[in-house]
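So, here come the structures, one by one.
In the two complexes that follow, subunit A is the common piece, with subunit B as its partner first and subunit C second.
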Partner chain A sequence: MKLEVGEIEIDDIQLGDETGIEEGVLHVSRSELRKLLLEDKRLAAVEMTVARPGDKTRIIPVKDVIEPRLRLDNEITGYPGVTDKMGRVGSGRTLALKGAAVVTTGDIVAIQEGLIDMWGEGARYTPFSQTCNLALTFTPRRNLEPHQHEEAVREAGLKAAEYLGEAARDLEPDTTHLYELPPLSARSGELAELPRVVYLEMLIAQGLLHDSYIYGVDAKETLPTWIHPNEILDGALVSGNCVAACDKITTYQHQNNSIILDLYDRHGKDLNFLGVVLTPELTTFTGKVRSCEHATGLIKSIGADGVIISEEGYGNPDSDLLQNCKLLEQEGIKTVLITDECAGNDGFSQSLADTSPEARAVISTGNVSHPVRLDPAERVIGNIGSLANLAGGSGESFQDDGSIVCELNAIIGSTSEIGYHNLTARQY
Partner chain B sequence: MSANPRIVCYLNQFFGQIGGEDKADTPPHIEMKAVGPAGALDTQLGDAADVVATVICGDNYINEKDEAFAQVADLIASADPDLVVAGPAFNAGRYGMACAKACQAAGEKLDIPAVSGMYQENPGLDPARRYAYIIPTSDSAAGMRSALPEIASLVEKIVSDRQLGSPEEEGYFPRGQRRTLFTEKRGSLRAIEMLLKRLKDEEYQTELPMPVFDEVEPAPAVSEINKVTIALVSSGGIVPAKNPDSIESASATKYGRYSLKGYNDMRQLDYRSIHGGYDSAYANEDGNRVVPLDVMRELEERGEIGRLHDYYYVTTGTGTSVANARQMGEDIAAELKSSGVQAVVLTST
Partner chain C sequence: MKRFKIISNNPLVAENHHRLLTGSSFFEHNREKFQLDFQPETVQQVFSRAEKLMKSGWKLTTHPLPASGGLIGSPCRTLIMDEGESQFCRLEEEDLQVLKEAARRWQESRGEIISQSSSEELQAYRQLDLWSLESALQEIEKFISKSGGANSEAGSW
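After this line comes the complex of A and B, so read on.
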């Protein structure tokens, strides 16, 4: 499978009357986009705002972040099984509007979600302070049931990203990246001498509002699934999560999965990147055993020497993470785990909800309860009051001088367990 | 008065020059000067800081008397220090425990840093390290000569507001604190590099050593369940709609206690879930799914349980630190016990 991702650099987004890209500026027709998004009768209104890096702007509560893209050479231009008909993605040419992102906001269920600060201290903690963001604030139809609300906003964000991607159709990319892996049976010569590495990506699959979708299939209804990394990069995986913002994998991060990209970077040089297994983090004991045993079986039969395991979420899924590690290590397959920590505000508490002596190689992406103080914003997109109910915020988050105090928990992507950001925690 | 940072030293009866084991019951007192090793430390510190007072207490007294901790804390506070140095205690167990209390007083009561020195097997090391930077010493007072310069150097760095490096860099015992820091390389790259090292059988350093867990013995079964008072305790986050105690939706530090008196069904109450870790739609639809009041009332009615306690206790169990969870558990258990509750149904989500 061969995927060419062409990058079109976007420096700014301007709202106006027509949609198109000119000299790095993405112009967006307000009326056309609004019309498209409100075709879904579950949504009553949408407000559009551009948030640029450096703006004293806070977006809260953020549901998902999506990179605008256009798939060429494929009749499926959208997200297969979600916003478009079913079909396979991951080969051919795709154009990505680099530097631009769609950010969906508006109250979802008033508890989960997180924030993006475009400037100052908060900007350091989220990768999405570096993108020029088109924030879409959705108001649902009255009395819309929460799960319908989530689905409507999820789909609207994806549709908006597709719509923006279309603007790139006639453009030549600034840079092109080629992603290609030969079939396992065709790996010979020097490549076959290199250590064989699989990426095991764990996905939260704990019920509605805590779900991920693989080709539109709710991950909690799946067995661990072997998948080509290109399919993930090309839109087969979509976030439906409304969980702790710090470590949920947004759709943008699926499209730009840092483990996949970094493995590709080393492929053929230091390692032989075999592929990816997606595994659901379920809530029942039987489910956990099934996922972990089956994932281990798959990886063993594929013949991996080493596995990178990334977790999504914390607490309950810690047990899945450690169980995956234990079973793989018992099969003689070496693992490195990526997790964040729940070490309490002061960092003195125990970090994980489970433990295993086999987990001897672990990357920490920071303490989710690490408190940060963020200056008052000049402009808030969404609703700052929602911080009182966010994971990582509370009624006491609001300071007299207008600043806020929250945990990293509340900042989108801060402790990303696919290692998308550059935080860690160290023993002091 | 000197503008230098103010250090108060804590010493036991022996190093405080009162006497040996026969003086171990001496209550604490303060001398507004540097006594014994505190004097040598003062010399080491030069102009970086001044030892302004020495608090001296008998090892038995501080370890056995309930009031000793507050007395020592008050004495230390009376000299208005910027930092406390306790010991060094080498491998003297009771002295190590005493130093731990002095360090705790500095951290908890005064919110100032503390420095100490101990042998790695001193039982005072564990309780003290949370509050203090402790340098490793030899197991006997013969190591005083090498310990003091190291303590002085650490003190100097702390009072001059220089950011202390990691335990490995600075040579103190790890304090058990996880600090969040920025790194040059993103996590995915660090993971791949660590895996490559493992695959080549090269040395690597995990970023998170695995925790060691406490084993909790399950309590024995309640023998006469039809005679006892049972309470409901939940980590499912169901609280009165306005969340009057501002319990956090994740990383909880608080719990609430709410009355069930006169109610048979959670749906009679205007309660909701503020829990940030699960889909609360179904819990909000019917609170009995998390706090099973309806079923408990049925059991009560049928005489299968003695009675249901008038209050339920609740917090949110997601991202809640183990330290906070333990504290809440202890507090709730104590309240329940004093209310005559003999058994608890715990519901999680």
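After this line comes the complex of A and C, so read on.
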């Protein structure tokens, strides 16, 4: 499976009368996009706003972030099983509007998740302060049931990203990346001598606003699944996770999964990247046993020497993370865990809700409880009042000088457990 | 089939208890096996009730923590317990440890009583808790109903 991702550099987004790309500027027809999105009668209105890096702008509450893309060699141009018909993705040529993002906002329930600050202290903690964002704020039709509302907003964001991606159709990419892994049976010679590594990606799958979709299938309905990494990079995974701003995997982050990209970088050099197993984080203990046992069996059958495990969310998924680690290590398969921590404002509380002596190699992507002070924004896209209802925020978040004190919990992508974020560690 | 208790301080769960246990032949035939154990006050009462049941041999069916930070300190919580063997923990003490850790984390988070949340916020917490319960009941219907009930093996754990 060979995927060629061509990147078109986007420096700005301008709303106007026509859609196209000219000298790094993505022009968007307001009327055309509005017409497309409001074909879904579940949506009554959509407001479009551009937020650029450096703008003293805050976007809140954020539902999802999606990278605009276009598949050139596939009749499926959208998200298979979600906005387009079913079919496999991950091969051929795909163009990505690098530097641009669609950000969906709007209340679904009062507990809202996630802000993006485009400037100042808050911008340091989210990767999406560096993208030019087309923020879409949706108003649902009256009395829309929450499941319908969430689905409508999710699909609208994806459709908008697909619409914008179409603007790149006749352009030559500025940069091209090639992603290719031979079948397992064809790995011979020097490659076969390298350590065999699998990436086990845990996905939240615990009910409305806590869901993930694999080719449009609710991850709750799946067993751990072997999947080619190209499929993930090319849109097979869509986020339905509207909680846990700091470590929810946005659709954008699925499309640019740092762990997959880094494994590709090292494939054939010091490791043999076998592929990816996706596993759902279920609510019941029986479900957790099923996921963890099956993932372990699958990875053992594939013949991995080592596994990198990433989590989504925290709390009960910590049990899945440690259980996956324990079972794999008991099979003689080395593990590295990637997770964030819920370690209190001072960082001294127990980081994870569960533990295991087998967990000896653990990468922390940051402390979700770390407090930050955010300056007052000159412009707010969405609803600033929802900060009080964000994880990491409260009624006391608003300070007299207009600044906000909240936890990293509240900032989109701040402690991304797939490593697509800005935090790093330094040893003194 | 083994019995289940739905322990909750969420009035939305109480209001929807009947609806949650209809709509499929599994729940139609086994509704009486799912008893609602409503604790009208705080999340701490839910945890205390669960601990008491644990000492009488009941085991956790669902993990007592939610999956996201914003809900760890939620003013409402719903747990499901059953009379079967522990599905996850090797030892009884581990089951209790999981519960106590959840209670500790709830205390450390907001942990305020229900009356201190705004009505809109409270309704949202209740909704999210209800949706999580719905998801858990769907899992029970799929996995546990077909696994032979109280005498089934928990797996290679």
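Rule of thumb we're sticking to: the second predicted complex is superposed on the first by the 421 of 428 C-alpha atoms of A that agree within 3 Å, B and C clash if a C-alpha of one lies under 4 Å from a C-alpha of the other, contacts with A are read in each partner's own complex, and residues count from 1 in each chain.
Just so we're on the same page, contacts are C-beta pairs under 8 Å (C-beta built on N, C-alpha and C of every residue); 3 or more make two chains touch, one makes a residue touch a chain.
Remember, predicted model here, so these are calculated numbers, not experimental data.
Peer 1: Using the superposition on subunit A, decide if subunit B and subunit C clash or fit.
Peer 2: clash
Peer 1: Looking at the overlay, what does A:E293 touch: subunit B (first), subunit C (second), both, or neither?
Peer 2: Touch status of A:E293: second partner only.
Peer 1: Kindly classify A:H210 by the partners it touches after superposition: subunit B alone (first), subunit C alone (second), both, or neither?
Peer 2: Touch partners of A:H210: subunit B and subunit C.
Peer 1: On the superposed three-chain arrangement, identify whether subunit B or subunit C touches more subunit A residues.
Peer 2: B
Peer 1: When the two structures are overlaid on chain A, which partner does A:T424 contact: first (subunit B), second (subunit C), both, or neither?
Peer 2: first
Peer 1: One more residue to check, A:D262. First (subunit B), second (subunit C), both or neither?
Peer 2: In the superposition, A:D262 touches subunit B alone.
Peer 1: Have a look at where A:Y314 lands relative to subunit B and subunit C in the superposition and call it first, second, both or neither.
Peer 2: both
Peer 1: Touching A:R187 in the superposition: subunit B (first), subunit C (second), both, neither?
Peer 2: Touch partners of A:R187: none, neither subunit B nor subunit C.
Peer 1: With both complexes overlaid on chain A, does A:K220 touch subunit B (first), subunit C (second), both or neither?
Peer 2: Once the two structures are laid over each other on A, A:K220 reaches subunit C alone.
Peer 1: Touching A:E281 in the superposition: subunit B (first), subunit C (second), both, neither?
Peer 2: The second partner, subunit C, only.
Peer 1: If both complexes are laid over each other on chain A, which piece of subunit C (81-89, 117-125 or 135-143) hits subunit B?
Peer 2: That would be 117-125, the only stretch with clashing C-alpha atoms.
Peer 1: Let me check the overlay on chain A: which residues of subunit A are in contact with subunit B and also with subunit C?
Peer 2: The answer is residues 109, 111, 146, 206-210, 243-244, 314-316, 342, 344, 349, 368, 389-392, 394, 409 of subunit A.
Peer 1: Going by the contact rule set out above, which residues of subunit A touch subunit B in the complex?
Peer 2: Within the complex, subunit A contacts subunit B at residues 109, 111-112, 124, 145-147, 195, 197, 206-210, 243-244, 258-259, 261-263, 266, 270-271, 305-308, 310, 314-316, 334-336, 338-339, 341-352, 355-357, 359-370, 389-396, 407-409, 416-428.
Peer 1: Using the touch definition from the top, list the residues of subunit B that touch subunit A in their complex.
Peer 2: 130, 166-167, 174-192, 194-196, 198-200, 204, 206-213, 243, 246, 248-251, 253, 273-281, 317-324
Peer 1: Any idea which subunit A residues touch subunit C in the complex?
Peer 2: 109-111, 113, 146, 204, 206-210, 220, 243-244, 246, 248, 281-290, 293, 313-319, 323, 327, 342, 344, 349, 353-354, 368, 388-392, 394, 409
Peer 1: Of all residues in subunit C, which touch subunit A in the complex?
Peer 2: Interface residues on the subunit C side: 60-72, 80, 86-89, 98, 101-102, 105, 108, 110, 118, 120-121, 123-125, 127-128, 131-132, 134-136, 138-140, 143-144, 147, 154-157.
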